[in-house]
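In the two assemblies presented below, chain A is common to both, partnered first by chain B and then by chain C.
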Partner chain A sequence: MKDGFTPATPGSALQAATPPSTLRQLRHRGGDVNPSAAALRERFGSAISASDVVWGETTVIIEPRRAHEIVRWLHDDPAQQYTYLSDVTAVEFRDPEQPIEVVWHLRSLPFRRFLRLKALLPRGTPLEVDSVWPVFKSADWLERECYDMFGIKFIGHPDLRRILMWEGYREGFPLRKDFPLRGRFSRAEQLRQALAANPEARYSMEELTIAAAFEDLPDEMRARLAGGEKVGE
Partner chain B sequence: MANRRTVEVALSTSGLDAQGRPTRRPLSASEDGNVLTMEPPLPMEPGLEGDHMLINIGPQHPATHGVLRLVLELDGETVVRCIPHVGYLHCGFEKTCEYRNYYQIIPWTDREDYLNAPGNNVAYALGAERLFGIDVTPRCEVLRVIAAELSRIMSHLVWLGTTCIDIGAFTPFLWAFQERENIYNLFESWVGARLTTTVTRVGGMAADIPVGWTDQLGTFVRSFPKTVDEIDRMLTKNAIWVGRTIGLGAMSQDEALNYGLSGPLLRAAGVAYDVRKDFPYLGYETYDFEVPVGTNGDVYDRFLVRMEELRQSVRILDQALARLPDGPVNIDDPRVILPPKSKATSEMESMIHHFKQVMEGPRPPAGESYVAVESPKGEKGYYMVSDGTAKPVRWRIRPPSFVNLSAIPKMVEGHLLSDVIAINASIDIVMGEIDR
Partner chain C sequence: MGLSPRPETRTVTVDPQSQEGWVTTRLDFLVNWSRANSLWPMPFGTACCAIEFMATAASRFDLARFGMERMSFSPRQADVLICAGRVPFKLAPIIRRIWQQMPQPKWAIAMGACASTGNMFDNYAVVQGIDTIIPVDVYVPGCPPRPEGLMYGIMMLQKKVMNERMSDRSLRDEMEPDPSSQLYLPPSTIDELSEPFGNSVNQTRSGL
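Coming up: the complex of A and B.
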């Protein structure tokens, strides 16, 4: 061992009673249920509509607008300690009747548990769900990506804007099933827009006001930027 | 915390003290021998006090390791705010793969985190196999461990080499890339490809290892630790290296967890979370290895953690070589494994399976799986949702670099502009994985 190391005992800081092992011979449905599912049902009652085990992974379906409260409890409760948010994403099925699902993958490192939370957003309702950003800072970019790709609004996120696509992207939300694989606009239109874009407007207003840089710009360009012009528009 | 730890500086460099901080030599002494204080620095350029400057780094800057763009607000040379922009390499992997069957996705996994292609292949195969309800053969498991650990070494070597260049050391880069070349040669003789290996299949591997391959790997396993030791001697106690890395971008345990860091970044902060230990796969619980953990979560600790991970990977490789069992590599399941060509052209049943698999692709039952592995960058997860057809409804990559990079505004705050490069390098980002 080199300087500065604490050779760690295997695994997390708190040790679970049974050492973990590779999952084998998993069943499609059924199997060991994560005890947190029952605890959630007991604590939140009607906000938990169902729970299911698929391939050994427990899924709990929650009410979209109580996500923050539920995740906060899972994070803070000493018997749960879900302190690690692996992922936030969404799923849209090919069947247009099926609701869009927002999925959270949570890990409780001390108890070595894995939990999947899901919120169902039925068609025809606004795609809105609670942000878990106040609990997990890691949700910042993950929720932005989910918004960028699916158009799901995370209520309570401080800075919900596009992340992988550029801010002036007009074609919609790429991972939605009604979005064609090659994009909505023709190649000619995409090229026309790219050529018409103002290459000077690479900075957001927020960034430009950092410095005196904004004062140095020509009057005409300052007016255009102040009017909200972005690259790609 | 940083000053609790002393790093012996073996290679002392003039102008730096034992902690690697620059020392100033007095220029003159008075007649009675007292040292004269140095002249105070020149006053700031008039009219610039209090002004913040806007600096743009990237997207075409070699030190951003790809097409990352950082917009920095500077007060003098100190970073006040950092606004990262990603997405320049976005090419819709997840969307495209909704139109591909489960085999056709494997080559895409090579290309997202392209420094860790075999590791991604293994992770993807594990995810798909859970969706199909398949357990692979013991020989396949060990071969996958070998592929994943070789891939970890490759990725860490690239990280080491490029970070050295960013910070100003050139020699370790050459040593690291020489060893990486050896691993590429190993993969070339195994599957024919070097960078984009596509080494796994659902239910098995692309090919069994060729005759004599274990001997080649054995040679590598014996010689590689010497290179690690050399690099270790070159950097770990080097005053310049220590001075450029210690105390930078430190994250506490709670912060690191809350920001979702994983891999060496999280472990450098003192959280011993390693997917191989906590949620094991491929029988990792039966291998004897340790998870290195740092205390300060700074760039120097991340370096130490990665160096130790190189050694631990060699340990795992050594054990895997010793236990590599004989037997088939692919499972015996006509749903997912192509029959041998000789059978496909002679037996009716095999021909039907062959036709079905090639023309339609295997169909998993409706369901979903999230399988995470410990990639060199952190927790890499594949989330797959199937509706019972041959193509996934959703194939989601949980990119560790993406989540790690999202903490960069927090890490660089208050540091100098030149340290931004070191901190960014320590995150070990691959833009192919971040933008997908």
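Coming up: the complex of A and C.
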């Protein structure tokens, strides 16, 4: 073991074996830039307005309405392979001049890379960005949560509804800075509206029925279900 | 309001020497005695209080000593609704419906500070005490209460059950919410109950 232990990493597309960097070695600003940032700039040019490295993580600022295209390329390009979307969220700052940011966290498992994409939505413009749902199905609920909490519209999302608050919640978007902590209505009015909600009316047809997915089931399960096996009550 | 020993008049005396095989007692006492010692809980656990509730039901504290080991996950066989944890507004119609599905006689325990008052979650999403939705018999303070605390609350509820009179018809009255608003308390009372207190008074409005 004189040469040090080199772990086998099946599936890694890294050419040279570089030791994984640890927090101890990182600087707050600067440091190694994720090579995908330069590749993005080369490929998309003006759609990439800036990139920055904070604590070793690269942030790339992109144009809001080209998010789908950019994420699609990052996902599909064999030299990038960002196949894992770990988060879609948004940030609003207390400073009213600062734009609202929509943030995507992407991870390339074969290249061991992490990339943070940000789209800036200036105040006074409609809060709209591209949905990345056609690329990552996991973006479905993440974007719904982001819409629920911040009111950001994801263009191209198939089913943009509230997810945490109930359907028909009328007080606004709770994580916005202009939203009062206790909500806008009196407690009695909030309770009245909550009790008026129908707890069973929250699901779309797709969530309620398995019939649509029947064709996608494995053969033996289809045979069992077609044979009259009971599922649930 | 502490627990006092049961009054002597409520004890049943049996004389084995008499060989007659029957005793006399008040029907009130007999019914209440059987009810109080077989309260089947409907656990409505939403947060960390539910963990303490599970600890109460487990072997060390052993809820079975109170005849409560049978958790009733269907409201139709339940006697006590134990709300353990915070209730967001989205759950309000659900706990209300569970309560309405429970048959009489029924009681409710608000376990922990969140279920009782909303605790520190004085925000847009959390109900400020489940007593704004359903009537509550016993409030157990604590964040979360220890199993001893919950058992103390259960014993208080048992004492309350033991003191019920069958002649008092109002005990079994179903709450009747206002048909238009579904509230069973006047809105002004709910607003008063939900007034901010303590440090949260200063946190009502965010900036801008």
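Going forward, the second predicted complex is superposed on the first by the 174 of 233 C-alpha atoms of A that agree within 3 Å, B and C clash if a C-alpha of one lies under 4 Å from a C-alpha of the other, contacts with A are read in each partner's own complex, and residues count from 1 in each chain.
Convention: a residue touches a chain if its C-beta (ideal position, glycine included) is under 8 Å from a C-beta of that chain, and two chains touch if they have at least 3 such contacts.
In this text, all values refer to a predicted model and were calculated from it rather than measured experimentally.
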* In the overlay, work out which of chain B or chain C sits against more residues of chain A. => B
* To do: Would you check which partner chain A:F114 touches, where first means chain B only, second means chain C only, and both and neither mean what they say?
  => first
* Name the contact category of A:L181: first (chain B only), second (chain C only), both, or neither. => both
* Would you sort A:A194 into first (chain B), second (chain C), both or neither based on which partner it touches? => second
* In the superposed arrangement, does A:W166 touch chain B (first), chain C (second), both or neither? -> both
* Asked: Where does A:R94 make contact in the superposed view: on chain B (first), on chain C (second), on both, or on neither?
  -> both
* Given the touch rule stated above, what does A:V54 touch, chain B (first), chain C (second), both, or neither? -> first
* To do: Scan A:L85 for contacts with chain B and chain C and give back first, second, both or neither.
  => first
* Intersection of the chain A residues that touch chain B with those that touch chain C -> 94, 164-166, 174, 179, 181
* To do: In the complex, go through chain B and note every residue touching chain A.
  => 5, 7-8, 51-54, 56, 71, 73, 81, 83, 86-87, 90, 92, 94-96, 99, 130-131, 133, 135, 232, 236, 257-261, 267, 270-274, 277-285, 290-296, 300-301, 304, 307-308, 365, 367-370, 372, 379, 381, 383, 385, 387, 389, 393-394, 396, 398, 402-403, 405-407, 410, 435-436
* Mind pulling up the chain A residues that touch chain B in the complex? -> 1-13, 19-28, 54-57, 59, 83-87, 89, 91-95, 103, 105, 107, 109, 112, 114, 116, 136-142, 145, 149, 162-166, 174-175, 179, 181, 202-204, 206-208, 210-213
* Structure fact -> In the complex, the residues of chain A that touch chain C are 94, 96, 164-166, 171, 174, 177-183, 186-199
* **Residues of chain C touching chain A in the complex** => 89-90, 92-94, 96-97, 122-125, 127-128, 132-133, 177, 181-183, 187-188, 190-191, 193-194, 196, 203-208
